[in-house]
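This is the structure, below, for whatever I ask next.
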């Protein structure tokens, strides 16, 4: 067996339910024993379209939550935004249909061994994996505060049950249609100053992750972010999903966000080089 | 308006029913007013697959029968063999789903103006349009005898109602699993000799049409056959579906079987040149 | 023209020829036009590009002439047609009479045949442009395709240019099956082409798994449809980048307004729609409508503003 | 090898290298092998063809590096990799240790780099063959791709041949983006290639309709997947027809056993599966199973009987 993605398995999974929630679809997949292997931050790669489909690549989705059922086995929840043809196809699949998935994939969020104060920041569907993470953190005795942001209220995903796992939850929308008007990053600076945060976990658009990274730079706050790069394979074989990451000696490597991520320590990401060609490799 | 395919219309049509009958699917489509424009021998071109399909071309099917309903308008029956990915897709569509069709297309069978003795010969799903034709011929006072053949019994399509429109119906299968063992062409020679046939209408594999054509050659029997060439468009714009046809002066033209056919006078088809390059055109 | 483009200037031009809309048929994918007239009004699209016609009538290749492939198809028609005399006497007058703008596509087996065809076309009134299909085998040179080499490509265009003084724009249609399409493009422009048509089909083959032999009667065929769209976009982008002043009629896998927009942003001033009409006889007017709304949605005031937009730096653009 | 092929001889060879099955990974589509080992046993497929490695470590192109296209995808990885020394010290021993047969793919920016790479590979035991990817830009010659011209293609292969005396077969990997692939093929065979790998990706581009600029960080990218299969079949058929004695490793859009069979009938002795593994991590063993049953169903007793079968006349065949 390989050491990479060592829990990943390709299975046919039945859609247990598919509900519209605001701008998203909440999709519950039956995954049996795989449930025990999934950690907050892992993702799933889903084959889209039927056998006559022109879509040849899998689509990646964060695992939002895992439930460990009894008779029917475990289930996995996804929060899917109908974006292009592949995600729309997934959102259109009825309950009871089977889809081909590979999971769990990628590096999960690192969980502190002792209780810390954690701030969880989610942008759009990026909030999905944060509720499962909050539960784990709470179980470890951490204090969990949550900030969620989106362009508009329908793009805030914040289920009732989920809210219970956080001590506080604040919502920001750019159009002011839900929570406060503004960006989710607005309050972070002040929170850091106050010195009550040890670690920030974030998931959302790259611009949001980068903004948070700028705020934590030079502070003691650890920032773990779940990045989102275009992925062709999700399993480490295509090299399309790379991010420039600084090594201990300062050299830049282009790491695959599907296996060395999606969760990364934001202080190691060379944000200014994302989407650019890093300087030539020198040995 | 054009003079070519002048009744052809592109419509979205609802599948009223889809039943397996032996090796085939009998599919009933709601087509409203188009029903009055369809004649035996016409065909329909169907778009297959959803918007993410890699199948970019329509599939052609003979119109098997037309019913003129009252409230719901007319309906069209197709007999579809699940052959490759496109026909299998059609066979898999549930009742109530909508498909995009273009109909009626192509030249219909010529109907004699006075009563004649007609022999209808069908191979496999080629029998489909013959029952509708038989009804029209009977209404004109013709005597209608029918011969149906296939490799095996499940590939004989001969509905009960349909049988009533023919005076006699004989079935041949190559494996003897239904009717007589043998080819449907076996008895034709004797029938022609007996002098009781004026016209043969045939629909089925090209080899069958050609065999019948050999038998009618040099006799007074008129043979109208519905040919089947690979078609990319079905409406006359691609030139893929051509057959070599002899003109009155003996010159060969490559005619489009979708608009100058599928029904052709078999004595004009240059059967020995089908699938070959005809001699260069001389003027 | 009956369409209201809501103040948006949808017109385009290829050298001296103007068209009210940039969406045309593709040569060989609309026969002589009559067949599509059943499904929409030919005068409401940019132009009808007719099937490549040769001097003499021609039978073309043996059947099967088509194979569907993933998101594409192969064809090996082999330029079947009635010959230029019949075509000019019958098909062109019919189209002009319908109010359609006509681009005549010609093909020859010899350099001389192109000149002969040009001479006959010059004698006819009302033709908007000549598309010179040089992607056919050159019988004088080991069956090599004219457009595969700079010299034969240039000679074929030169033959036409000498006859057509400048009355009608000459559009040279190139094959993407070459090592360097920009060098072919510049050789035909030097030889007198006013515009370029990019791209013709890509050479391909399908083996029939029942007979275990090449499926097409002609063995190889031309690949068209959405499968080749990235190749078309690349060819158009490369050529527009090298020669921004030369108008391009783009084609290759356009099946929707978004596809047409992609080719336009890459540098095409007009779009021919081919294979898409086989799957949807009303594809052309639909694509025209879709393109119009996509351009409006992006804030363009005219089609011309969008042509080649992808070449601007991000700063320039916005 | 644990697979039972029911008496069917599924083995194949590329020049002097033998493989128990004709289904391989494709260079650049299996990384160094480890990643796929999670999904199947690497020793049970024909061989692992590793990602093209260069002499020095390399970052490759900026992101986005991929775009999905109809039945295909574009990539612009730009040969990111750890460099040959790391690769030979780490990845190759790991693969050999797993019982996998290894074909090492190399790429250079200069003729000299190919020789340097060959020298390093010669020092390592257990490698089945070298695939020489000459479809990369030649920094010595205006960035032209080596495999685009007969002389540069031949010189790159010659550089490798001079170092590799004959111990390991040399497979030259060609691009289909040329006017005449058979002339490139014959030039590399003359220069010492023992076998040919056909085809690398087709150059393409996608414009992003939001930014209205080229979508890929590297602007152009390589088109792969089922969309290009007809091009691969054509290239393999043409080259096998011209040089039936030269073994071909075929690739391009193979996603099922039927696709693999198509390329084999056209003339391929082995099949590399690339893009299909992205959509289905277990594609390679599945394709291997499917191909095996299709060959059995057609009455073949060995894979070798099927290679190039499509070239036989119908009489010969049956």
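Side notes on the structure shown:
Here the chain labels run A, B, C and D in written order, and each chain numbers its own residues starting at 1.
Following the convention adopted for this analysis, a residue touches a chain if its C-beta (ideal position, glycine included) is under 8 Å from a C-beta of that chain, and two chains touch if they have at least 3 such contacts.
These figures come from a predicted structure and were not determined experimentally.
Distance from chain D peaks, on a Cα-centroid basis, for B. When the C-beta pairs in contact are tallied for B-C and for B-D, the bigger tally goes to B-C. Separating the centre of chain B from that of chain C, both taken as means of CA atoms, is a distance of 35 Å.
Centre-to-centre, using mean CA coordinates, chain A is 46 Å away from chain C. Averaged C-alpha coordinates give centres for chain A and chain B that are 56 Å from one another. Counting only residues that touch two or more partner chains, chain B has 54-55. The multi-chain contact residues of chain C, meaning those touching 2 or more other chains, are 67, 70-72, 225-226. Viewed as a network of touching protein chains, the structure reduces to a complete graph with every chain in contact with every other.
Residue ranges of chain D in contact with chain B, taken from their complex: 70-71, 226.
Contact residues on chain A toward chain D in their complex (touch as defined above): 1-6, 8, 10, 47, 54-58, 100, 102, 229-233, 235-244, 252, 254, 259, 274-278, 280-281, 283.
Listed in rising order, the residues of chain D touching chain A in the complex are 28-31, 34-39, 51, 56-68, 70-73, 75, 77, 80, 83, 217, 225-226, 255, 275-282.
Every residue of chain A that touches chain C in the complex is listed here, in rising order: 54. On the chain B side of its complex with chain A, the touching residues are 48-55, 85, 89.
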